[in-house]
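When the chains are written out, they are named A, B, C, D, E and F in that same order, and each has its own residue count from 1.
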Amino acid sequence: MPAFDPIVLFFLLGLAAGIARADLRLPPAIYDFLTILLLLSIGLKGGVELAKQPFGALLPQMLAVVLMGILLPLAAYPVLRFAGRLARADAASIAAHYGSVSVGTYAVAVAYLAYRQVAFEEYLPVFLVLLEMPAIVVGILLARGVDRNTPWRVAAREVLLGKSIVLLLGGLLIGWVAGPRGIEPVEALFFDLFKGVLALFLLEMGLIAAGQMGSLRRHGLFLIVFGVAMPLVAGALGAGLGWMLGLSVGGTALLATLAASASYIAVPAAMRLSVPEANPALSLSASLGVTFPFNILAGIPLYHQLAEHIHRLGG
Amino acid sequence: MPAFDPIVLFFLLGLAAGIARADLRLPPAIYDFLTILLLLSIGLKGGVELAKQPFGALLPQMLAVVLMGILLPLAAYPVLRFAGRLARADAASIAAHYGSVSVGTYAVAVAYLAYRQVAFEEYLPVFLVLLEMPAIVVGILLARGVDRNTPWRVAAREVLLGKSIVLLLGGLLIGWVAGPRGIEPVEALFFDLFKGVLALFLLEMGLIAAGQMGSLRRHGLFLIVFGVAMPLVAGALGAGLGWMLGLSVGGTALLATLAASASYIAVPAAMRLSVPEANPALSLSASLGVTFPFNILAGIPLYHQLAEHIHRLGG
Amino acid sequence: MPAFDPIVLFFLLGLAAGIARADLRLPPAIYDFLTILLLLSIGLKGGVELAKQPFGALLPQMLAVVLMGILLPLAAYPVLRFAGRLARADAASIAAHYGSVSVGTYAVAVAYLAYRQVAFEEYLPVFLVLLEMPAIVVGILLARGVDRNTPWRVAAREVLLGKSIVLLLGGLLIGWVAGPRGIEPVEALFFDLFKGVLALFLLEMGLIAAGQMGSLRRHGLFLIVFGVAMPLVAGALGAGLGWMLGLSVGGTALLATLAASASYIAVPAAMRLSVPEANPALSLSASLGVTFPFNILAGIPLYHQLAEHIHRLGG
Amino acid sequence: MPLEQRKLLTIVTEAALEHELVGEIERLGAHGHTITDARGKGGRGIRNAGWNLSANIRIEVVCTAETAHAIAAALRQRYYGNYAMILFFSDVEVLRPEKF
Amino acid sequence: MPLEQRKLLTIVTEAALEHELVGEIERLGAHGHTITDARGKGGRGIRNAGWNLSANIRIEVVCTAETAHAIAAALRQRYYGNYAMILFFSDVEVLRPEKF
Amino acid sequence: MPLEQRKLLTIVTEAALEHELVGEIERLGAHGHTITDARGKGGRGIRNAGWNLSANIRIEVVCTAETAHAIAAALRQRYYGNYAMILFFSDVEVLRPEKF
């Protein structure tokens, strides 16, 4: 069995094509479509499983996860600001990206676990939803302090009414209300095609990541180092938390992946409008050009091993 | 079992997202694609079944259905003109919308019956095709009388060569020529994914319906009342006709749904060009903002009960 | 069993709709998407099978196929130039189109063989990749001689980094690395939907072919005759070569189809930039308006019979 | 470089009219046109491209002043009353006057 | 045909701003606008439409010179510092001055 | 608001040329460009965007009159003979002359 899921080969193809400046790109409408399918699929899957859980039992886990989403950007900020000598707005914006999560990375981790037949708590998409937002609030506060002029409404609108949350949450609700039997008729599209859709999505992500290489070169070594070190640290924290919350090995690996992943859909959009002085090229080249490739190529197997390790040690 | 098919949850999600002005919309190219898939799927399915029928036996049914397509708008017009006090062109245009049919509503009804494992005459897509057109001719005549300047060629082109008819009819023909075995290789796309495609389509329809709410508020109560009452009356007529034609319970429910549904693809396009003085906001807000939601949320189960009732009474 | 695969009915539907000037067209983004899916599917399928072959054994076959790709345009050129009295650039460009291959035609042939359960060497997509390029080089040389100003870099970029090669080759590599088990998770999208995707693609090809009819009428009889005769001759050559290389009946039929098919994606794009004085309407109307329909409607069954015949005669 | 004056007529209107307008423009003497898909807002409300009935197109025609005025007059007469439509003229310079 | 002068203000900027800008333009007195999707390159690098964050839009507003200048001034003040954005004015003639 | 005159050069041509033209425009001194997808009709027939070979693009360049003329001259010389292409100039006013 290869070290990584064959699905990341599509990412590598996109990356290679992008670096070679091949005449290849998915039409924007298709990229949108694939994103919508992924978000709905993940939400629906989570919702169906959520229906089987006693909701009360999840509450403490949910609180702990939100706490992690607040602490991660707070921890990243000083590193970016002082070790990286970044401007305040840039440091805050990047911190927000890394405190939040990446749906694509999560999907690859799910595919990875499925490929290895590792079970996990199927309600984990709930954590995905929960982790989207807190880091954005923290990031805005870090950038502007407690400022009366902060366009909170704009930021809130961008996040709460952004595609990611609406479709994840919408999927969760539909899955929850409809239940396993109700979802059956749409499984062929949302579940059977999931991996294929993810493969195409990764192809495009490779092309996009290749496009970030240029600005990465301009913005120097620090972002590369940060883009690899941060997910490792965050992944370890996430794994630790997963174990403490009593998640299975698979669930622990997924929570580690969520902690380690950096947003490139919801957070950039929100930050662009609420902290406009932050340079989006910096956060995106770190998140898309370094951390995303690192996570799907090397990170996820690592977090999985880590989860196994902790569970073996911790019993 | 819930009162309605879980698939309409996607419509509700779209509606909620639209009303909340969420940043969500399917790219136009995707909406087009989903429509094309639905039309072809329905056509193919019907064509395969048509191959099993003696065509002659269908002819009387087909004539009766066309007659219904002529009578419905004639009945709706005076109500719109005099009770609703609408301008002649507007009354005629809305009448045409309600005399014709909605493919989306039909698809939801098919999903609803399948979910409940209610059988129906599989050649019903033929009626769908037949019902598209007569109401348009009636609507134009109502608007302009027997006028030499009526751009019949434009109207005919819009309908006969419009996407709906070409794909439904094309699908019917292909299904009919290819037969069940010939269609097998394309079933994975056109049949297995049908419900999933419909779910996404309904998501977008929810967003579109939400967009109609504003103009609905402007154009007042009458359209809302008409948009609910008209499908109820037409649905009852359709159910009666279905029973008289000897259709099964499922077929009767589907014919009732066809009668009750209002067009939002073929008719608006044809009317825009042949009766330009009609305000499209009126007909669309009634058809999309009231009747479509009403039918898929409450109407279809009702028409199904009605069909059962008639068959029980009528024997 | 009908004489042709039911899938070509979708082509006929598109053709009829196009000729009738129906209001039907796939959004460009969707056409792009379908092309991408087809190219990746064919590549992946080939790659998986390639993994099972000793590569060395293929080398002689590959060389022979490349040779055919060089000879075909060299043979076509004098006919076009002298019998057809075409300008040098035009003759060279059309020769390049016919020396290269059409992915759509190949896909229909694969569907045709699958429908008839005729086996073939699954690594044939390798030949598809190999045949894309040589004819382009030959075509440019024919048009410009050995000219120092020839923009070889532009032409090379157009082909090597064009969508066709990148996705076919990328698919081959991914399939080869991942192997059958690695590809399994994405089979639902790339393999199960293949025929359906092809059906939609053919629908659009019909519409495009209909658009070529006008310029065909303008450019006269010669192109029509050439567009039918050339594939017949090339198909016979391809069948002969297939038999000499020891391919199965199915493989022989496929190689004949490749030889007989004319490019309409990679070659036109490359020629437009490297031989701009060639009129693209000429080559496209022959390739899309004559040869493509001829091949999928009549050619493929013919090449199949031919392959059977040769194998029967040759033992 | 010898440049000559022409008019650029820009029309923004309902996508449903594309087929008809293109014919009309040609009949009135224009030698070409360019169309892009658009969305927007005006007196007849928001038209934002989600689906065909509410989509806009933006048509540009480079032509002589006479042709531009003839097209504008025809469109005003036939479409202003019932369709979402605006049009405006601007001055442009072209290289090959015989083309326009 | 009586024609009247107006200004055409063309803005090319980040797609992310669409919602905000449309509101701003309306508040400052324009009666309509037209938007097309675009890609391009400028001082802030290549922006080529692959996905929303790097996509551009092109907004056109036909209005009086005063409104055009008011919009330009507001955008310059609020957005020039932090966003990819250009704008330019041209002279156009319209048929129905009351509309713009 | 201090405004300065610049030229707006608009090119409508085959989508296949995008990569090449963008390079050419930059080499000739323009500081940016904006591209939208388009369809249309002209001397070389109907080009309606169904697929890449028959699709058009519409390129806009705001620049000095000299640069505009230099680009136009280069394009005329290299592409007019063999490609579907039109171009035209108009006068625009800009806020930040140093950008263009």
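Just so it is clear, contacts are C-beta pairs under 8 Å (C-beta built on N, C-alpha and C of every residue); 3 or more make two chains touch, one makes a residue touch a chain.
Computed from a predicted structure; not experimentally measured.
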item	value
Number of steps on the shortest touching-chain route linking chain A and chain F	2
Between chain A and chain D, the fewest steps along chains that touch one another	2
Greatest separation from chain C - chain, by CA centre	E
Chain B and chain F, separation of their C-alpha mean positions in angstrom	46
Whole-Å separation of chain centres (CA-atom averages), chain A against chain E	35
CA centroid of chain D to CA centroid of chain F, Å	19
Multi-chain contact residues (two or more partners), chain A	23, 26-30, 193
Chain D, residues touching no fewer than two other chains	36-37, 90-91
Pairwise chain contacts, counting only pairs that touch as defined	A-B, A-C, A-E, B-C, B-D, C-F, D-E, D-F, E-F
Chain D-facing residues of chain F, complex	10, 12, 36-43, 56, 58, 69, 72-73, 76, 80, 86-91
Of all residues in chain C, those that touch chain F in their complex	25, 28, 31, 154, 204, 207-208, 211, 215, 268-269, 272-273, 276-277, 280-281, 284
Residue ranges of chain C in contact with chain B within the complex	2, 6-7, 9-10, 13, 16-17, 20-24, 26-30, 111, 114-115, 192-193, 195-197, 199-200
Complex interface listing, chain F residues touching chain C	14, 16-17, 20, 45, 49-53, 55, 79, 81-83
Residues of chain A that touch chain B when the two form their complex	27-30, 32-33, 36, 157-158, 161-163, 166-167, 170, 173-174, 177-178, 182-183, 185-190, 193
